[in-house]
Amino acid sequence: MNPMPSSARSGPPRRRGIARDLLWHGLNLGLPLLFVVLPILSFVLVSFWTLKDGQIVHVLTLANYRAFFTEGSYLQVYLSTLALSAQVTLINVVLATAIAVFIFRRTPRTRFLILMSFMLPLFMSYIIKIYSIRSILGQRGLLNEGLLALGLIDQPIEALLFSRTAIFIALAVLYLPYAILPIYLALDRIPANYLAASADLGATPLQALRDIVLPLGRPGIAAGAVFTFILTFGDFVTPQMVGGTQGFTFGRIVFSQFGLALNWPLGSALAVILLATTLLAVALAGLTLRREHVR
Amino acid sequence: GPKGEVRLLAYEGYADPAWVEEFEKETGITVKVTYVGGVDEQIAKMKASNGKDYDVVTVDTASLKAFADQKLIAPIDKEKLTSAKNLLPDFQPMSNATFGGATYGVPWAWGSLGMVYDKKTFPTAPDSWEVLWDPRFKGKVISLDDANNDINFGAIALGIKDPFNLTDAQLAQVKDKLIALKKNLLTYFAGFDEGTTIWSENDVVLMFSMGELAAINLQKKGFDVGYVIPKEGAVGWLDNLTVSAGTDNTDAAYAWMNFALQKKIGADMAKKYGYGATTDAPQGMDYASRLIWAQNPEDYTRRQAIWNEVKAAN
Amino acid sequence: MQPLLHLENISKRYGSVRVLDGIDITVADNEFLTILGPSGSGKTTILRIIGGFEGIDGGRLMFEGRDLASVPINRRPFNTVFQDYALFHHMNVAENVGYGLKVRGRPKAEIAAKVADVLETVGLGALGARYPAQLSGGQRQRVALARAIICEPRLILLDEPLSALDVELRAQMQRFLKSLQRRLGIAFVFITHDQEEAIALSDRIIVVHRGRIEQEGAPEQLYRRPRTPFTAAFLGENNLIPGTLTSAEGAVCQVETAAGRLQATVDGPVPSPGSPVLLAVRPEHITLTANPAPGALLAEVAEIRFLGANILIELRHPALPDTLLKVRRLADGGTTGLRIGQSLAIGWAAADAALLAAS
Amino acid sequence: MKQKAPLIDALLGLIAMAGLIALYAPLVAVAALSFFQILRVRGVMGFAPFSLEPYVALIANGEILAALATSLIVAVVASLASLVLALMFAFYFVSARRGFGLMMQVMVFLPFLLPPIITGLSLLIAFREIEFSRGLATIIVGHIVFIVPVVYRTVLVRLQLLGGSLTEASLDLGASQAQTLIHVILPQMRPALISGVLLAFAISFDETLITLFVAGSETTLPIRLWAMMRVGFVPEINALATLILVFTAVITVAIGLLQRSPAGHAS
Amino acid sequence: MQPLLHLENISKRYGSVRVLDGIDITVADNEFLTILGPSGSGKTTILRIIGGFEGIDGGRLMFEGRDLASVPINRRPFNTVFQDYALFHHMNVAENVGYGLKVRGRPKAEIAAKVADVLETVGLGALGARYPAQLSGGQRQRVALARAIICEPRLILLDEPLSALDVELRAQMQRFLKSLQRRLGIAFVFITHDQEEAIALSDRIIVVHRGRIEQEGAPEQLYRRPRTPFTAAFLGENNLIPGTLTSAEGAVCQVETAAGRLQATVDGPVPSPGSPVLLAVRPEHITLTANPAPGALLAEVAEIRFLGANILIELRHPALPDTLLKVRRLADGGTTGLRIGQSLAIGWAAADAALLAAS
């Protein structure tokens, strides 16, 4: 059911002048069209051009898309970035769901504060945080030095930084709050008496989690997954800074085409591919929500 | 921008607040500085706005031609550049910044992409870039991440005489060389600071650096490091002051350039940031003659593609 | 014999509001117990405490002699039909109903069969695939009922489970509940506002008032022998006439009222003469005569209300201006002659007038 | 009522605790380093004695403070505007015909789905084309375009779970759509709105790559940091980051206390 | 005279399910109209269509001659008491009740005064500061009622507004609604499952069955003269005996049933002899005699159920094995002698047995 009854669906009648109707559609379709689609559209066009001797050739061709599949290491980097983001998304959604459920099980009074304590880290610049993560995890970083000083180890642990694992950890930490918030907000709407009823029917807390909490939290979980996937798929700064020689990702390749390489056509095509990927992720998340029966 | 304003697109350290303050007091022109992190962002930004957002842009000699070809910067009007006389004689001809009969930049700051080494590990300075490939130092080497300069560096390390005009065969050679280096690398880094920070937090003994500042900063932090230009040579970079093609305020642009090219400003920059000034012989930077001064390379696009493959290689 | 369930001296507070006070209730095996009381008297709270949804501030809750304090909701062999149904909106009717079996790990085929069976019983055989949002109020209530009974618990807690059903369905569900009780030996704790329903279904009724137990007993006993004015007025209709006790001869007392001296029968100890009392006469026990004998109580017909099977006649006595005397008659044509304004003699057998201590 | 589940709660608590530690370790390190700077003597790590020097230096660093001010203005305006827009879009989605809603949704989502450089460049080119000079306004627009999808999603999840009966009741009682929005729908969505706007603020406050392009000569804090990365952060950056965090925490706690809902505001 | 509200030939579908079909209802000014029907018959849907919460698939909705199609919910001069209350849980009771006035921009003082007044009326004077979550079911229902009536609309739509209230409160609210109707000239469209309530309150009752109107009329008329078996069975209890019409003399007909030849009176056109009919006798119209005259209908007492004011006696006739004949008596002691198993003669006046065409 819709919070706002409307005339458009088979809902109740509602008087609204044609002018108001136009304004409403205009605002909602016009604004994004003007500020988003039109500006971006040119890049889609550019993606079908090519570069020859440093100059753009204005002839439509699929060359850039072909290049993605056949030349260099675009496809390989794309796939490994995809895998990385998928892994981070998976682990973050699991963690964020656990944390959201944890918050949900607190008393109503404390929930908001706990939630906010998970959001607070977003207020520190991620660049500073990455620097900080590095100075903690470095071979001569705070962690190693601390452990050495305490005598817990006698050689610095080497493997903490500059590896795929490091990227994984850093991305997970940086983007965890983005997953927690939507999931929690969905859980927060679960009627209290549903839990009473499921317990009454004999469900263990775990079963209640499986049958009530998680299904009803699904829109939030999907949103959290989409956030995490998209943000990590596009982020090349973090991998580059903590990933060592493994820190090369697809976003970086896209970015590099717009610098001195001046290869906007290829860059645009790669961006379109990135867009298609993220769109697909959104669509997939949408699919899991199809069977949504709202009260 | 408004008449009484000059807009700079610059790197960190090229518009010190003290200078800005002095300039504003002197001329009544307000200074607006926009900092960028690298030349890639700079050119993307300039291209998308046709240079209309800035009056003065600092561009290094290696990318000047690209900026000029894209019509992002305008030729220098030497008449208006009254401070040109302050330039050291070496920089007076501005030859690096001249092509197609026009001069596009005024030399402003320079440095080298040399090697930083740990003095404990190397009681005497390594004399060849080859040491970076030495398996003994696996995982203790870090390298600058810069498509163009890394290829220059690879070519230099291979002993190629003209690193700016590489043949296909040479490029392939350089690529393999750089991929081979990866095995020894702990990581790449992107700026002076990243290099020094990573050095100080990890067990690093060798660095293909972004310049003198890396060594200076490490020494300030208490690390016993040295800076050397190996026998193969090293890229010398030279950043130029240029006038944006999109400016509608040429006078203010020249006012800033004339102000910046004073000897005292150059001296202050050298002191504060460790860059070589073009108006004053810098202390300790006595190796200018051994540097291979950066030039516009044969094909940026190509180089970017190759560099991407290097970085993607396993 | 040990009761199935024993609420011992339970008290409960919400903040500073005390909603239950010294509640003591036993439920025997296979008993149909109804809790009756005005809105806000604490009925739902009692049920929620039994179900384990609310903590208590005093007393104990014993099930077959074991303290339930440490038994979590899902281990209590009870099921509840919630006042607001609490159907899972993301499950369809069949899934809702089968949920209790599913969490017990029963095989799918068994669940499907039982669900179909129970849905048939509550008259929703065709609606298994619907979602709660697609049901009417009464249909939802039946789903809630089906969901609770499918597990065949030892005790079912029902909070007004039939309130949204029409008479026919209601009668049918009542029969169903009774048969369930008989067939499965389940005990019921039932909340209803419908007194006929309470009387018809219950083995025992507990009347709750302001968080305390007012009176309890078998339906007929409670109806016929209320011991407090509250019970007298609350369970079924009653005519309450205030007065003063003048004398008593055995159980039969003389009461001085504004309308004159009236007779009543007391159940239990006789109050001392001179104490204020209430005389309670059921509307169906009042006789009406058109030709009054001398000295008879005369009243004037104020309203005649057709109620279907019954007719309610309201009469005004000049000495009792604040209360209308209610008289109930079968709508069998016997009252056809009555007219508003008509004066009638009213009377009742002394045995039918109960004497209560005024509170 | 809450079903007791000590084991599950312990496990969840453990995860939450681990999450908090992971999230806060970098923050705590930054805060600590703002008071005790690392000092290495010949490569061996040590700490300088406690000092407020970075804080003193921060007060004197007009450039950074100006960048901070710009960032604050941008973040406040952009997050509030994003909230309003996100709400509008969410209502549109639930009320308009499905096709229109999806169309709007895809468009709104685009900037979030694309690499920021594309979003940044495309906006920059668009601004150039309409001769809209780059400045605070363009940064704000850039941020809004990027933030709206996040806030929209957050708000929509909540809105879709709201159910219609309270809205119906409000309209039935004679409230206009606007009154219903203000008195019934928004209060119900309060947690989503507050956290949505905080999230928006946080994203805007830290947005770098899009800002890089749409900024004219205005400099936001992240842009300043981005550029500073080349030569190194001055110590006052740690002080600044610490202060921002403390302020945010204080504000959040204050909101949290104001948020207290009526007792038993359960279902 | 133009009706206040006119539902013209309304039909409504949910997907492929047709829930309303050719519904035609008029509501006159100041009328108390009750919609009665089994669970799921479409009552709530009718109310929601009037309120503007549901669109229609056919027909028109006219208010004082104006088509309501383009009038939004908040401009319709109606207020609704929802079946699930729909209280704003983030507002306290007083804020909930005052909401309709607040959005009309009334001054605070006026709102406060009116709210206090209305809360007093529904017996919640002290609970203005409570939140809905802190109320009992019945208390919530009263808040919903208070919230709807405070605006004094032209028409109030009530979906089982009294179902969660106990008898006493219910009677009190019924009186209150009636007085409201009289005092303010408001019209009511009322849904209830309680037939006594429907009969007592309504000026007119509409019986809905499977999305169609089955019959409508004044309560007594409908009760006494049902025209379809459904109405006969649904509104109040009835004994329905199937048979075949053999002959008719005026309105009095002879019916051949399994239990023999019985008499009944037909209302309206007489079916042709030989057609299958139902004979409907109300339980309160059946007389019981212990000493049967020869040829009398003999039945055996199967159950005696005490219902409070009434007693329900169920009898079994050997020729009618599937149906128990229900007989209602006042619980005034007149049935004390009855015992289960006892054989009695049953009878009724021909005028009290209605003849219906079997459907």
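Per-chain numbering from 1; labels A, B, C, D and E assigned in written order.
The working rule: contacts are C-beta pairs under 8 Å (C-beta built on N, C-alpha and C of every residue); 3 or more make two chains touch, one makes a residue touch a chain.
Because the structure is predicted, anything quoted here is derived from the model rather than measured.
**Q** For chain C and chain D, which third chains touch each of them?
**A** A, E
**Q** Which chain has its C-alpha centre farthest away from the C-alpha centre of chain C?
**A** Measuring from the centre of chain C, the most distant chain centre belongs to B.
**Q** What whole-Å value do you get for the distance between chain C and chain E if each is reduced to the mean of its CA atoms?
**A** 22
**Q** Based only on mean CA positions, could you tell me how far chain D sits from chain E in angstrom?
**A** Roughly 56 Å, centre to centre.
**Q** Between chain A and chain D, what is the separation of their C-alpha centroids in Å?
**A** Chain A and chain D have C-alpha centres separated by 14 Å.
**Q** Among all residues of chain A, which ones touch two or more of the remaining chains?
**A** Residues 1, 5, 131, 135, 140, 191, 193, 196, 199, 204-205, 216, 255, 258, 292, 294-295 of chain A touch two or more partner chains.
**Q** For chain E, which residues are shared contacts with two or more other chains?
**A** In chain E, residues 52-53, 72-73, 75, 84, 134 touch at least two other chains, as defined above.
**Q** What are the residues of chain B that contact at least two other chains?
**A** Expected reply: 38, 41, 44, 190, 194, 197, 200.
**Q** Please output the residues of chain B touching chain D within their complex, sorted ascending.
**A** It is residues 1, 7, 11-13, 17, 32-38, 41, 44-45, 48-50, 52-54, 120, 190-194, 196-197, 200, 210, 213, 217, 221-224, 273 of chain B that touch chain D.
**Q** Please give the residue numbers of chain C that touch chain A in the complex, ascending.
**A** 51-53, 72-76, 78-80, 82, 84, 86-92, 99-100, 102-104, 131-133, 147-148, 151
**Q** Where on chain C does chain E make contact in their complex?
**A** Where chain C meets chain E, its residues are 14, 36-41, 43-44, 83-84, 134-139, 141-142, 159-160, 163-170, 193, 195-196, 199-200, 219-220, 223, 233-237, 282-285, 305-310, 328-333, 349, 352.
**Q** Which residues of chain B touch chain A once you look at their complex with the stated criterion?
**A** Those in contact with chain A are residues 38-41, 43-44, 47, 63, 66, 69-70, 139, 145, 147-148, 182, 185-188, 190, 194, 197-198, 200-203, 299-301, 303-305, 307-309, 311-313.
**Q** Inside the complex, what are the residues of chain D that reach chain E?
**A** Where chain D meets chain E, its residues are 165-166, 168-177, 179-180, 183-184, 187-188, 190, 261-267.
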